[in-house]
Amino acid sequence: MTTFALLLTHSPFASQAFQSCLRFAKAAVQANHQVEHIFLYQDAVLAASAAIDLPSDEPNAAALLADFCQQQRIPLLFCSTAAEKRGVSLQPPQLGAGYELAGLAEHAMRLSQCDKLVQF
Amino acid sequence: MSQATLIWLQSSPYNSSAAREALDYTLALAAVDSPVQLLLSGPAVCLLQAPADIGALQLKDCSKLLGLFELYELPAPLVCQHSLALYLPEPRQLSYPCTLLSKVQMTEQLAFFRQIITF
Amino acid sequence: MTLAPMKLVHWIYPELPAQSLLAQLAPQDLLLLRQDGCYSLALPWPELPCRLRVLATDLTARGLNAKAPWQTIDDSDWVELAAQASQVVLWPH
Amino acid sequence: MTTFALLLTHSPFASQAFQSCLRFAKAAVQANHQVEHIFLYQDAVLAASAAIDLPSDEPNAAALLADFCQQQRIPLLFCSTAAEKRGVSLQPPQLGAGYELAGLAEHAMRLSQCDKLVQF
Amino acid sequence: MTLAPMKLVHWIYPELPAQSLLAQLAPQDLLLLRQDGCYSLALPWPELPCRLRVLATDLTARGLNAKAPWQTIDDSDWVELAAQASQVVLWPH
Amino acid sequence: MSQATLIWLQSSPYNSSAAREALDYTLALAAVDSPVQLLLSGPAVCLLQAPADIGALQLKDCSKLLGLFELYELPAPLVCQHSLALYLPEPRQLSYPCTLLSKVQMTEQLAFFRQIITF
């Protein structure tokens, strides 16, 4: 069994990064690996906004990832500094369900318990 | 010189924001009767071939917006022939009409527009 | 399990990677095209010393087909490769 | 005198686009040209969030542009669809001072009154 | 005022533009480096038929100097060029 | 094989988010005693020459964070020699110590790290 940390750095609105991360996490869990945590940094923190309001026919990658993490009890952390800078509110109700505020320090400490970091 | 605006999309259709927002922008200009034309180059040419199964990726297929061009009386998109040969060397039937341009023709056509907005 | 010194390199852009990146590939490595990297299958890749793979879900969703020497893998293969790799890297644009 | 429309499409956090747009607008006003409006589209709409919270030593390009536009009465419009999609709230108090909600249609109509569109 | 058919082309990336873009420049055009485009001054540009300019504020802030055949312009020159140009374009990456 | 993480920054220092956030990330790993080293290539090498007047652009000068590396007992950044020659052909005094790498040395060094994070 491998313990993975997953790192998202790209905006959920300009790439397929969140969708790919979700597929990797699902396949990892299915193969009995552990996803110790997922960390959102740089533009990826935009996913933590509860105000994301997509046309009904557009899948919401941020919400799909959060749902999966809640089911599997995988901590879905986002960097508070990167989020503040980008105007993402850190408090409910502006904070998206399933997203947890964290510092770079927490991510760095958790990494020491992981075998592999995969960046998306 | 034409008074038309050229919307030049170079991003992949799977970078859904850029492609979708370039198409929305084009349609918005058309809706107020402002002359406008779309140019696809680079990976953006893949818009012309509707994706096989974009739903599997949890992404939105925005190529369907090209189907509205006729309704809005928009000219068919200009398409870089070189990019098409590169990215779709064996295209299935292209899903939408378009005007292919050689590199020389692209240079000529680009000079023809009053303004160019790049996405 | 012994770890072979295998780099798993991800490429996600619809162009060819810079020559300086390609120079880093060794025979035991694996280069994986995924997301818009699948479009680069159509481009003129130089000869590379390593294993060449494409992520099947990302490829077929785009209506593309694999072509030799590239082989497709599925999501569970991808995870196993990441678990076995000595180094996992996402190449920058 | 030339009537300009200015179009911002890049994120205020990943480029110098807002700073350049502000300098262009200032020089245009000084030379007695008109800046008829500024339109924020794509990732540029992130500037409209009131929650942007930068370290005190980092200049806030979004606020500097808004201040100038308010002084000069230049409409500073942002695309509502692009903003909703990216989780930017459209209502005060989450909406940044000086930013006005608009549709692509309003931008398109205003363009017909402008001589030149400059993209940043 | 008669408008000459002059394109004002902006380049803002620290690399050279694609050859297909450069091919669009005609003698009456003006290519302006600004933002990170100033870094490309150091790169090997091919010979171009048009006027070559760099925005002074963006250049000097980066601690760089202009070099022939590139000439600096200030923000007010920039605005006048945009006002006079028959076409203003921001070249994509 | 080393257990260290390589933070590989390629973006211009004036794309302030990427440069600043790569440096913050590096310092965060160092703060929890996780071995880490920075690699600069492409326009990122311009970080080594403190900007003349970044204030004129209303941007933040994040190159000063390199000054914290010694305090955090971080090794000097690795720097692509080719990029340095390209982007700073006549450097004024470099403001920070660094280790220059030829292209061959870069390939060797990159293989040495357990993980690589790109910015």
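To keep things simple, chains are lettered A, B, C, D, E and F as they appear, and every chain counts its residues starting from 1.
As a convention for this text, contacts are C-beta pairs under 8 Å (C-beta built on N, C-alpha and C of every residue); 3 or more make two chains touch, one makes a residue touch a chain.
Here the structure is a predicted model, which is why all the values come from computation and not from measurement.
Q: Where the contacts of chain B and chain F overlap, which chains show up?
A: A, C, D, E
Q: Across the interfaces A-B and C-F, which one involves more C-beta pairs in contact?
A: C-F
Q: Farthest from chain B by Cα centre, which chain is it? Let me know.
A: F
Q: Could you grab the centroid distance between chain D and chain E? Build each centroid from C-alpha atoms only and quote it in angstrom.
A: 23
Q: If you average the Cα atoms of chain A and of chain D to get two centres, how far apart are those centres in Å?
A: From the centre of chain A to the centre of chain D is 29 Å.
Q: Express in whole angstrom the distance between the two chain centres, defined as the mean CA positions of chain C and chain E.
A: 37
Q: With chain centres taken as the means of their Cα atoms, state the distance from chain C to chain D in Å.
A: Going by mean C-alpha positions, chain C sits 40 Å from chain D.
Q: What parts of chain C, by residue number, touch at least two of the other chains?
A: 35-36, 57-58, 88-90
Q: Please set out, as single numbers or ranges, the residues of chain F touching at least two other chains.
A: Correct list: 14-15, 17-18, 57, 115, 118-119.
Q: Could you say which residues in chain A touch two or more other chains, in rising order?
A: 11, 13-16, 43, 55, 58, 85, 116-117, 119, in rising order.
Q: Work through the pairs of chains, note which ones touch, and then classify the graph as line, ring, star, complete or other.
A: Basically it's none of the tidy shapes, so other.
Q: What chain pairs are in touch here?
A: Here the touching pairs of chains are A-B, A-C, A-D, A-F, B-C, B-D, B-E, C-F, D-E, D-F, E-F.
Q: Which stretch or stretches of chain D touch chain E in the complex?
A: 2, 4, 15-17, 20, 23-24, 26-28, 30-31, 33, 115-120
Q: Would you tell me which residues of chain F are touching chain E in their complex?
A: Going through chain F, the ones touching chain E are 12, 14-15, 42-43, 46, 49-54, 56-57, 86-89, 92.
Q: Which residues of chain B touch chain A once you look at their complex with the stated criterion?
A: 14-18, 57-60
Q: Considering the complex alone, what residue numbers of chain A touch chain F?
A: Answer in residue numbers: 7, 9, 41-43, 81-82, 85, 103-105, 107-109, 111-112, 116-117, 119.
Q: Hey, which residues of chain F end up touching chain A in the complex?
A: Answer in residue numbers: 5, 17-18, 21, 24-25, 28-29, 31-32, 34, 115, 117-119.
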